[in-house]
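To start, the structure itself, in structure tokens.
Chain IDs A, B, C, D, E and F follow the sequence of writing; residue 1 opens each chain.
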Amino acid sequence: MMLERLKLVTLVAEPVLEERLTSKLLELGATGFTVTDSRGQGSRGIRASTVPGEGVRIEVVVSADVAAVILQHVKDEYFPSYAVIAWVAEVEVVRGDKYV
Amino acid sequence: MMLERLKLVTLVAEPVLEERLTSKLLELGATGFTVTDSRGQGSRGIRASTVPGEGVRIEVVVSADVAAVILQHVKDEYFPSYAVIAWVAEVEVVRGDKYV
Amino acid sequence: MMLERLKLVTLVAEPVLEERLTSKLLELGATGFTVTDSRGQGSRGIRASTVPGEGVRIEVVVSADVAAVILQHVKDEYFPSYAVIAWVAEVEVVRGDKYV
Amino acid sequence: MDPIKSNLLSPVALAFALGVVARVIKSEFSLPRDVYAALSVFLLFSLGLKGGVELGHADLSVVAWPAVVTLALGCLTPLSAYAVLRGLGRFSVSDAAGIAAHYGSVSAVTSIAAVTFARGMNAEPEGFMPTLLTLLESPGIHIALAIGALKTAKPGQSVKSVLHEVLTGRSMVLLVGGLIVGLLMGEQHWAGIEGFFDTRGAIFKGALTLFLLEMGVVAGSRLSDLKRVGPFLLGFGVLMPVVHGLAGAWLGTLAGLSVGGATVLAAMAASASYIAAPPAVRMTLPEANPTYYLTASLVITFPFNLLVGIPLYFEAARWLHGAGGA
Amino acid sequence: MDPIKSNLLSPVALAFALGVVARVIKSEFSLPRDVYAALSVFLLFSLGLKGGVELGHADLSVVAWPAVVTLALGCLTPLSAYAVLRGLGRFSVSDAAGIAAHYGSVSAVTSIAAVTFARGMNAEPEGFMPTLLTLLESPGIHIALAIGALKTAKPGQSVKSVLHEVLTGRSMVLLVGGLIVGLLMGEQHWAGIEGFFDTRGAIFKGALTLFLLEMGVVAGSRLSDLKRVGPFLLGFGVLMPVVHGLAGAWLGTLAGLSVGGATVLAAMAASASYIAAPPAVRMTLPEANPTYYLTASLVITFPFNLLVGIPLYFEAARWLHGAGGA
Amino acid sequence: MDPIKSNLLSPVALAFALGVVARVIKSEFSLPRDVYAALSVFLLFSLGLKGGVELGHADLSVVAWPAVVTLALGCLTPLSAYAVLRGLGRFSVSDAAGIAAHYGSVSAVTSIAAVTFARGMNAEPEGFMPTLLTLLESPGIHIALAIGALKTAKPGQSVKSVLHEVLTGRSMVLLVGGLIVGLLMGEQHWAGIEGFFDTRGAIFKGALTLFLLEMGVVAGSRLSDLKRVGPFLLGFGVLMPVVHGLAGAWLGTLAGLSVGGATVLAAMAASASYIAAPPAVRMTLPEANPTYYLTASLVITFPFNLLVGIPLYFEAARWLHGAGGA
């Protein structure tokens, strides 16, 4: 089967950022996203939400270019003041043309 | 430590498909699966469940062969009419022989 | 942008182990972790929790060395008697120096 | 106050409207998923229990005819809906069958609202209405799905597994299970829990109010879909219930139901399922567009019945009873 | 109606049966996890509060002997369970200790069902029963885990951390915390919230009914495990409770408890924990097979006590009181 | 019993303390997130409904002055808090504005606790207090955020979107929505659901007790943050409420409120928001340290008001009314 090589960007962020981040992702070129609720702990320990550690885990399958733009945006806009982590993995996607 | 190179297939699908998909995965050769609840948005915008965007995120660690069979099945059976996305990543698994 | 190549270790384990595992992860060198609730099925079928299949899915971004130590620990301490699965993937991380 | 106005100012109608408004002003407010589910468990189980206790007092001969007409409505309403959608609306087989499955089944909350309304009008419905509700829930779904399965080449899932799905679904377990539990436990045990489960009590009505607040949010979040379904379905979502409702009021009256009972049967016939039908249709008729059936049942027909339909069916039932001699 | 039959037709027993049936017919019905947790919070906290209010009225000298025999039961029941499982059942040390920890502890819901049952039989239990419940919860777990830890080389987790886990577990916080809050707040404040938390009220009983509906689902989903545990454990899950229950009824009567109080103490002794014990055992004795202890406590002993055991202990308590002169 | 002692032994105060203790002893106990959310929906909606029903009876001229002083408090309290934090406390603009937004807004639960307390002291507050609550919720947040936005270069998010966020937030929808629903539905419909939603009833008080149990857990889990905020904020979290509370009691009395009403207005002015303000501040002033504003409002000011502040404001209101002639 034809699989397309794409990037899977995963962001874990404070819940308060969910709506802002997901609309930005679409704006930056993502065609969709998947969100799950999470809890966790990090090194900076910004205890940002009423219950410390609550987060949203946002996954987005995108082209390498869009991935780079997303990461740059997250780094510039969110890393300085928010509890956010971002990582990228290589994935192969079925009908990947839909997501670029 | 001995790690086995295997495939991690991730499916995000409408909740109504959970049971059907997971039994099929086992039938196709998976030895297990992990499910989390998700919400999201996609390009096709089938507003399939009462609350649009609700989904289940199914992860399954399998051999490359089984991965191919699973993806083919999902593509043929579900892509035409259902809100489903599928991607595959390379992973290394502890005691990977258990999962093939 | 500078991205650091790191490892993403994912553990799916019985809920009863959450606290023990996450503190151990920090002890072994992880700087943080992200947890989501899951359900699933596996080959060993230890029906460990009141509701069979309930689990916690723990993700941790670490250096390759720490990843190896974590996997060894999980293999030695948890594989014999607990329902646990562990896999590792390659990821690229924004500001990855924070996580090593 | 006249029935329609009183109905529009009832807590359930106002709570539903508040939910819709909250969504229209883009509020993030919504009840947690699990709490919404818990409320529906409570409402359905209460309905079943109370119905079971009442059924214990009922004379079988009094229940027989209403049961027969209820089953008749369960067979006729999906057929009439299918015929209208296919013949006049030019919908595809899958879409027509999918929508018909919803209108052939029943919305428990609409039936509860009708019971509350009738009581407020001093027309206490028969105690065995929950029994009729369970009879009406599944036949319509199966008939419509059977049409769809017969007429389309590649059914999404075996009919048998979907039949099982519907018959063992949440509302069936709670309603039928509640009925049996209510029947078996008897008056004395019921007395101990009546203060909690009584469908006439404040807890039940309060839970219903909160449930409708969230239903308003859900309906409101699909409001934009109204544009996507086209004018035919808009009209269908209002007129089909009226036809089914009047048929229900008429058959109910013929079968000997009181004004209250005929009103509730009418509301049940007029209502469209939005709990049992959607997953069954989604699995069996994947080509049917969910936007059509979800919007029609949830965004058009449900609020129409809640706000306008129920008082209308009540007036019809009253008129039919008057014509019948009272 | 005779006690056993009346008990089988109580809402809690019927709701439990309905939950089991729902799972047997493979219904997808189940209460959301969080709602189930919330119900148990409400039940345990109500029990604690009410117990605290009652404890405020109690004479310390009246509580002393019952407390002593309760602690004695907390030490004896894990030992007897361990001896039987190891000696007769030939279970491994871990398995025997793991199961014994469950039977040495207590199921709060069984104790609540016993209170409700005794009241229905006009044998109001002493108000300080919740105090006894808290005394009985943890010793058994610790004794059994200590045996397991001493006899197996590699304990899963330090005994200290598990001890902490059990003593600060949800049921302990709610029961002990509720007791203290109830004691401190006094009658006047209690009057303001009694309508909500009263363990005799409809809300409490309704919540208990819903809780048991879900417990039925949980037990039903483990029903297939009955085949895996073997005939010995099946017999153990029925006979061990009877032995512990009769011991409880006898010691309770000796300690001066009323028929109702002795029934409840018996039910507590007979019951097996399925909230506090499973995680403690899972962490400390990883080699113990969870299928054994979860099936025995949840699928065998819990329903047995609920349906048959409680009326039996009640008859025993009545007989013991009769023999004792009344 | 004297007010303070009676207040300390109220179920809500004790439940809060129990929650804190549970966390201090490192218990894993906590209410599920969704249940906590559901309780707050119920409390806020009940408050709104009841307030709406009462508003229907109120004379507009009686409400006018209290509304004016409430709005005045909504403008003054964020300014005074900002001035103190910046001038005396030497906090950064962002931190000062972020904390001021919390103290300019209001904690609904504190206001509910004040209503319950005043009633217990036979000083029934005016029925339109929930109306004042809605007036007081948002101005303070907006004023403080505006200061922050004007004085810092790079605002986290457009002020417009945050204004929308606050005005359509959960508590606004439930309070304002509830008010309108309560106003519209009228006495007769209210009678049917009063047993569930009545803020004087046992269900409301029971839900409040459970809510405070969890609030105790949340506050307890942030207890260690007390060390991080420094002595100034500790003092601020106790003294600022007293100043705002006395101002509220005085202005309320001037505006013609009864002792009960003035107490509740004082408690509202003294309270710091922990539902509406935190996300608004987090989005608009990302440089403001959340540990400061969450610890001050949730761990210091909330318990202070709950345990000591409310009785104090009550005494002040009584004294002011006495001085005013009664």
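FYI, a residue touches a chain if its C-beta (ideal position, glycine included) is under 8 Å from a C-beta of that chain, and two chains touch if they have at least 3 such contacts.
Here the structure is a predicted model, which means the values were calculated and not measured.
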Shortest contact path, chain C to chain D, counted in steps: 2
For chain E and chain F, chains touching each: D
Averaged-CA centre spacing for the pair chain C and chain B, given as whole angstrom: 20
Intercentroid distance (Cα basis), chain D paired with chain A, Å: 41
Touching two or more other chains - residues of chain C: 36, 89-90
Per-residue overlap in chain F, given as positions that touch at least 2 other chains: 28, 32-35, 203
Each pair of chains that touches, named by its two labels: A-B, A-C, A-F, B-C, B-D, C-E, D-E, D-F, E-F
Touch list for chain C against partner chain B, complex: 12, 36-44, 55, 57, 68, 71-72, 74-75, 79, 85-90
Residue numbers on chain B that touch chain C, as the complex places them: 1, 3, 6, 8, 22, 26, 31-36, 61, 89-95, 98-99
Residue ranges of chain D in contact with chain E within the complex: 32-35, 37-38, 41-42, 45, 164-165, 168-170, 172-174, 177, 180-181, 184-186, 189-190, 192-197, 203
Chain F-facing residues of chain A, complex: 14, 16-17, 20, 46-52, 80-82
Residues of chain E defined as touching chain D within the complex: 9-11, 14-15, 18, 21-22, 25-29, 31-35, 201-203, 205-207, 209-210, 213
